[in-house]
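The structures considered in this document are given below.
Two complexes follow with subunit A in common, the first pairing it with subunit B and the second with subunit C.
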Partner chain A sequence: MTAMKTRVDEQYEAILRQHMKVEPDLVFQDDTVLGDVGLDSLTAVDVMLSLEDTFGITFPDSMLTYEVFRHFASLRDAVQKLVDET
Partner chain B sequence: MVPDLTFGPEWATLELLCIGIDAPDRRARFEELVTSGELHWGELLEQAIRNKMEAMLAYHLLPEHLVGAVPDRIFKHLCGVYDANLYRRKPWYETVHRIVTAFEAKDIPVAGRKQVSFEGSLYGGDGSRRLGDMDLLILPRDMQTATEVLGDLGFEAANYNWTSEELVPIPRRDMMIYRLSPDHLPVMMVKGDRITRFFDVDCASSMTWFKSPYEIPLEEALATVEHRPIPGLDGLSVPVLAPQYEMIGTVMHLFREAWFERWLHMEQDVDLAKFGDVIRLWRSLRGNLDTLKEAIDRYAIRQPVLWVLEHMDRTFHTSTVAELGWQGLVDDSWLSSAHSPSGEPRRWRGTMRQRLQTKDRKALFAEIGGQDA
Partner chain C sequence: MSDLFELLASRARDNPDAVLFYRGEASASNRGVSNREAHDDASALAAQLRHDATKVLAAVVSDPYELHRWVWASRAASCTLALLPVVRDPDEVRALMAQVGAERLVTDIAALEELARATAGRSRGDLPPPSGGASPAAFLLQTSGTTGTGKWVAVRERQVMTVLEAMQEAGALRHAENQVVYLTPPLSHSYGLSTLFEYVRAGSAVVFPRGTSPLGPAGELRAPELAARITAIEGVSDFYAQLSRLLGRTPLPALRHIGFGGGKIDADALARFRETFPELTYSIRYGMTETPSIVSGMTFRPPYEDDWSCSGRVLPVWELRIVDEGGRPLGEGEEGEIQLRGPCLAWPYYGEPEAGDAFFPTGDLGVLSGGRLSIRGRKSLFIKHGGYRISPEEVEAVLRRFDSVSDVRVSMGEDGLTAEVVGEGDELPMQALREFAAERLPAHAVPTNLVRRAEIPRTASGKIRRGPVPSAARNHVRTTHARTEEGT
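Up next is the complex of A and B:
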């Protein structure tokens, strides 16, 4: 695992927790459906803007889909991809 | 039954218009209130605006024996609002017709919702029903084609800048919300004239909301579409759903905007105009309730429907729940429930009548003693 990958993982989860107000003892799994733990479209936008600001990335229109924001892993992987391309 | 004066004569006046003053006792009460000398016209005007009933109020103040009871400048203002709404009918329906014709030419099934249908069918096309955006229902599979068709007609995803009088791009944040809730196209606009600055169309592909536990199969609903002529506008018609689907769609829309607290913060919470539509729809459906009941049960939507109808009965003294034979199926806990913007269960306090009338609705959602209201 690269240093960059670690940074994305940790900060990614911290941003999710900050905006979604999840229970502190919630353990995210790769297949955690974010919509089931409090992510609606309004929160998703806040999360995305925070991710863009934190990692210096811009989500292209092609990534602004329900599928990308569906699971913990799908969104994390999208962020990682954008970070790697930056 | 006529409304009491608990919330003042101004509110009772608007409640009468909401219910409809077609019955002699309600018309008499309305005229009595208007000519009583007791009305605070500023308060009446403000509440009419907040509840999207300015044009309706104006229309019903036009009879000659009532005009003299209205302060002159208030009356002229209301007439201006009414005239603008009446003027808007023709270009508004022409635009709807243009969109529908273009959709149907591309084999896109479409139905008009809310005022697109009700202005003519429930309000007689007299200009009293406020005309706002154009709500259309299409299938999810047609969203992209519909966007292209609207583009060909000159529409674009835009907001209106009232200062520059130009269409401007929708902010990225709002566009993201549309993309992540793909049951609505972004608002598509085209510029109009000095009276109707723009026409905006809202294409939905759901009669509930994205990821809703309640779903109405749109193929079934859109299979019932018929074209209905527009009163006073020869040659123009709008495609409308069968009555049971119009009722279900309208009730589910009201439920969504009342039950999800986020709409309150967007100033799109319930208002008298929304309940006025449901009351009139209900009257038009009487005699055909079996079809409605069957559809409600088939789609397993009794709970949200009863949330709306029970509130309506308690507020406006209608008897819809009894007419359905579904008394006692919902309790106060369900009726006071809501859904917070962060996804948590919420409660609000008070009655629907209080919620409609108060100018500080957020206070009804305030926490009490460390718990949600």
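Up next is the complex of A and C:
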């Protein structure tokens, strides 16, 4: 492990903003419920594909759960974990 | 086969240990639920229904496996099953139950459990059979339509059986044999319910989406054990649009067949499937809630020499005619409204007077040629504009292909042909979208106005809600002007 692992934060948020119909002035909090700000099954596909492409990761089936996709932080942490493991 | 429950009973007798469906985790150790187990379970539930003398059972069930048990049980007990949409408000459910005279509710929705308990074991012996004097309906299904309020369609067991047997005789169930089918349409819809019976009749095993993936039913196929098991898929165009985007990352090694519901094949999805799987068979079906199962069906096989716009041969149980706007029958190759008649027609609607020998106006436009039917779209949707007839669905399909467009509705507004567009990000490049449309559509079909919307209203079943168009006066781009401007 090195200390130089990619931090996903900024790109992660940009991807969410790109695919979800969020108001431009919405400020994501860790506990923002993604389903309340426009994430549905259609946008979730786009978000996941974009996250996979951008970070070179693959979401295993075990991470395609409502729990992971519930909050801004839960999805971000999952992406970070996959990036760290890569 | 004499009745629907016999479909299951005969499988339990002839192949007791063969799998009827797979439930739960898609692990390799999941051996599935056998014909005998499913049969015994349904028989036990049916004994309960008989004991309570239930005549009309209402189901508001989100888990398709749970609903599937009640489908068989209601047939075993010969009671009517009213398949309610999944609503969570007890008052709304109570009102729907009153519409169909349902005495008892089964549900897996927590908010409705109290209502279900209050109705358990209660029976009212004085209820009239649904739809007047004839034999009681096996199923009551709601049609949403694209406008207006829902109506109930009363489907009789004999009608379902007759169409099933006609399909079998016409060879229209061959694609359903020896499959493990991923059945994505809900069982409370005619497409889901009829495909269930078709695949069970053809001896196949069934897998339903479990509702566990935030990516929807297409996302569940990312589980390798599930994907490895599936040999056939049934779904509507929205589902395939999603699945086709996941294709490269969702190996489906055993897939042999794809069934499209909804009358027309989604051309974009089809192109992606054909690229990934060069040897699949594809089926298309034309039918509606009022026609239990199909009116016509067609299977496309390699080398795919048939016309993809064709919906197949009309089953002999239907008397089908094509009429012009004045209701006069049209000839071979002429386009008009499809009208239907015959003993399998579940129309007029529940509670409405009998229609005698009247034809049912489907509202769909089609052409009959050499006994084969091609569907052209919804009659009510066509827009007359500048001497041309425009199909909003076709214009929508083109605009939807534009990268950052996630949803779109096309209609005729006060200012001309209007496309309401939902974008994926903050910016939706309207001028580029206009050019994109102009390159791909004839000039008369290019929307005059592009209007940004937060969302497009849809019905409970996911169809675009069509109706009066809101004024396009604000927040729009008039595409006939050289200058593109976005309002506030």
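To be clear about the criterion, the second predicted complex is superposed on the first by the 79 of 86 C-alpha atoms of A that agree within 3 Å, B and C clash if a C-alpha of one lies under 4 Å from a C-alpha of the other, contacts with A are read in each partner's own complex, and residues count from 1 in each chain.
Operating definition for what follows: a residue touches a chain if its C-beta (ideal position, glycine included) is under 8 Å from a C-beta of that chain, and two chains touch if they have at least 3 such contacts.
Owing to the predicted nature of the structure, the values given are computational and were not obtained by experimental measurement.
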Touched partner set for A:26, first subunit B, second subunit C, both or neither: neither
Subunit B versus subunit C as contact partner of A:18, first or second or both or neither: second
Partner chain in contact with A:52 - subunit B first, subunit C second, else both or neither: second
Which of subunit B and subunit C A:61 touches, first, second, both or neither: both
Touched partner set for A:44, first subunit B, second subunit C, both or neither: both
Greater residue coverage of subunit A in the superposed arrangement, subunit B or subunit C: C
Residues of subunit A that lie at the interface with subunit B and also at the interface with subunit C: 20-21, 39, 41-45, 48-49, 61, 64-66, 69
Residues of subunit A touching subunit B in the complex: 20-21, 35, 38-45, 48-49, 61, 64-66, 69
Touching residues (chain side subunit A, partner subunit C) in the complex: 17-21, 24, 39, 41-46, 48-49, 52, 58-59, 61, 64-66, 68-69
Subunit B - residues contacting subunit A, complex: 173, 175-177, 179-182, 210-211, 262, 341-344
Interfacial residue positions of subunit C with respect to subunit A in the complex: 212-216, 218-219, 222-224, 238, 242, 245-246, 249, 406, 422-426, 454-455
